[in-house]
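In what comes next, chain A is part of two complexes: it sits with chain B in the first one and with chain C in the second one.
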Partner chain A sequence: MEHRWSKRKLIIMKKSFINFFALLLVIVANTSGFAQKLITKSGNIKFQASMPSYEEVAAESKSVSAVLDQTTGDFASLVLIKGFRFKVALMEEHFNENYMESEKFPKATFKGKIEDFDSSKITNSPKNFTLKGDLTIHGKTKAVSVIVKISKAPNGVNAIGTFEAKPEDFDIEIPSLVRKKIADKIKINYNFLLAK
Partner chain B sequence: MIITSKKTKNKIMKRKKITIVTAVLLLMVSAGIYFYYGIIFKEARNIASEAPDFSITAKKLLEDYNADPKKADSVYLNKTIEITGKVTKETNSTIILENTVFCLFKEKLKNKMINNKMTIKGKCIGYDELFMEVKIDQCTVK
Partner chain C sequence: MKKILVPFCLFLVTLAYSQDDLLKSLDSTQTEESYSTATFKALQLVTLQTTKMPAKKEFYFVVSHRFGTVKDGFDSFFGLDNATTKLGGIYGVTDWLAVSLSRHTLNKMYETGLKYRLARQNDNFPLDIVGYSVADINTFLEKDQYPGLEFKHRMTYVQQLLISRKVSEKFSIELVPSFLHKNLYNPDIERDNQFSFGGGGRYKITKRLSVNLEYMHNFDKPDFYKNPLSVGLDVETGGHVFQLIFTNSQSMSESGYLTNASGDWGKGDFFFGFNLYRVF
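And then the complex of A and B:
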């Protein structure tokens, strides 16, 4: 009798141990697995390089890719240069052929980290974070630090922000003939709706 | 007799010269105007009405990009291409074919296309390494 009881106990303990282990496995898989990655493939980047009293120099891409790892704050983004659309066809051609040389350098990338990122602190009202990393445009990489506003969105977060870039920092030559028609600092707006 | 014919010959030669010079001038001016307006007010490419340079499957396109991205770029980048494949994901204005080709449309999509086999025409804008997908924009459904 005594012996049977202990055997039963042992089986129950074994079962609960297996259950516990399975639960642990699920938790581990959830926290470190792909479930924590928020992505977008149709992010938005707009840039403005207009000068007052000259023709508008602006373009937009609606097919920007981005990935945010919620546990670490690691962030990566990629935009295809040919995906930028201008209002004026000639401007788009010059942008691709003369300035960005998009046949040679088809993409611009960013790889970095959002400092002190904590997904539990994200609320509906936008909160400022510092995003530090390497920005590569026109085949040239430069370390940048920008402010990113992050707020809660259905199924993920919304990351928006603005920063400025100088063409000469990325070896983009602008001929003196059009120099006064293009701003020294190019204003770049981004808007990523990152979801699971 | 000989003298008069020489005079008329000279006259004819002069006239010829003048006509040639004016013709050349006219041609140059019109060419100048043509190029000026042609370049300044150049029409944007209309991908929807362009005949495709390539008509291939989504799988083949990705295979080419995986094999040699640089070579694939030199073949497909900026070209109008027609891609066939099953729609594996769709959002407001984008669809993904066979999990490998991302298609961006200008307008919002109305009819549901998920799981259907479709042929999409668009401009190849390049390869996205983050998701290992080829992206095409200005898409239309064929």
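And then the complex of A and C:
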């Protein structure tokens, strides 16, 4: 009797061990999945909208967040409009108040995918990739495709690039009075040091 | 083996971690400054100060005019023949402290001012509170008229507290308790210490246009003066702020504005003028 009982117990133990092992596998898979994500909270975005011989219209944010999933190439980025700093405080106020309406639309976002991303091919010299996705500024979303240069960095990768955006694509109104002082195409530079 | 199915499904779900979730994961990384900005477009509501402060190292040049009374009609071209001028500058020492100096045609007045922020409206505090201290120096008074005149008699002091709230994107209000002390006064008709209370507000008609209104009630004024009531229109054009105003108090100095309102709106006796700001 006693012998049979312990045999049953053994089977139960064996089953729960398999379950436990499966669970462990899931946990390990998940955590290693998380480890594949590279993130920054201090990315840099600069934009330049100056016209020659007029007052400089440019600003920079040093607190841009971005995340890259190394396994899939999925990429997302977020910046607060109020975080952009101008040289002239009044220009910054007008940027927020009149152009970007940052109370209504506090952030600009991007979500997309780096095509054919393979982390094993990243080296110390920058390599060009195509980044495709949706750029949302001023509450308006537009599909974009830009070139991003990616190189190896300590504990992650460095992604930099430049692209242009038109204010009218994002319903950002520019009154005729200042039309000639602001460029038609805004040049945007970004620099993200993504790490584990 | 059925039991393995559950964790296996879990595993699949985590693989489907999408770009949306990636973006959502960034939301928590950013915390926004909750300070209210642009409660008012300009440093002045109409003639009163607003709670707006110049930024650090920012210099504002201000030119203001108040013309003669509109009542005179074509005789003085609705007052435009009799312009009074204020020329001045305001400098932001820090983000919370500004100094100002101006010269006024009326009473050949020099005005020095100190403006300092005490509190800012944010998610945790409902009001902007700014202190404003003014010393007016009247250089129009002459020894021939007042043989005993000393320098101190030229001085008038005003202390104000500016309390504002940006109620909505378009609408902001301000309350202003104000205390004034004159070193030279005529005890038969006026008091040396005068207390006023009032305020005003602005309403944005468009992004770059707002209508402003302000009123101050002077509790210690002599009967023959009125309480200042003014209406203005802010026009913002890039680096300039242009304010068109109508008021029953011609003076642009704080003390003159509060105590010497001579116009009477009811009789069509008011003044046209403007404030022009240029930021450097």
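Everything that follows uses one rule, which is that the second predicted complex is superposed on the first by the 165 of 196 C-alpha atoms of A that agree within 3 Å, B and C clash if a C-alpha of one lies under 4 Å from a C-alpha of the other, contacts with A are read in each partner's own complex, and residues count from 1 in each chain.
Note that in this section a contact is a pair of C-beta atoms (placed from the backbone, for glycine too) under 8 Å apart; a residue touches a chain by one contact, two chains touch by 3 or more.
Because the structure is a prediction, the values reported are computed rather than measured.
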Using the superposition on chain A, decide if chain B and chain C clash or fit.
clash
Where does A:41 make contact in the superposed view: on chain B (first), on chain C (second), on both, or on neither?
both
Which partner does A:62 reach: the first (chain B), the second (chain C), both, or neither?
first
Have a look and say if chain B or chain C is in touch with more residues of chain A.
C
Is A:113 in contact with chain B, with chain C, with both, or with neither (first, second, both, neither)?
second
In the superposed arrangement, which partner chain does A:76 touch: chain B (first), chain C (second), both, or neither?
both
Touch test for A:103: chain B only (first), chain C only (second), both, or neither?
both
Contact-wise, after the overlay, does A:177 reach chain B, chain C, both or neither (first, second, both, neither)?
second
Contact-wise, after the overlay, does A:164 reach chain B, chain C, both or neither (first, second, both, neither)?
neither
Stretch of chain C, among 79-87, 151-159 or 187-195, that runs into chain B once the two complexes are superposed
79-87
Indicate the residue numbers of chain A shared between its chain B interface and its chain C interface, in ascending order.
39, 41, 63, 65-67, 76-78, 80, 82-83, 89-90, 93, 96, 103, 106-107
Complex contacts: residues of chain A adjacent to chain C
15, 18-19, 22-23, 25-26, 29-30, 33, 37, 39, 41, 55, 63, 65-67, 69, 74-80, 82-83, 88-90, 93-94, 96-98, 103-104, 106-107, 109, 111-113, 133, 173, 175, 177-178, 181
Residue ranges of chain A touching chain B (in the complex, touch as defined):
39, 41-42, 62-63, 65-67, 76-78, 80-83, 85, 89-90, 92-93, 96, 102-103, 106-107
Contacts from chain C onto chain A in the complex sit at residues 3-4, 7-8, 10-11, 14-15, 17-20, 22-23, 25-27, 29-30, 32-33, 37-38, 54-56, 58, 169, 207-208, 236-239, 279
Using the touch definition up top, name the residues of chain B that touch chain A in the complex.
39-40, 42-45, 73-74, 77-78, 91, 93-94, 96, 102, 104, 123-131, 133, 135, 137
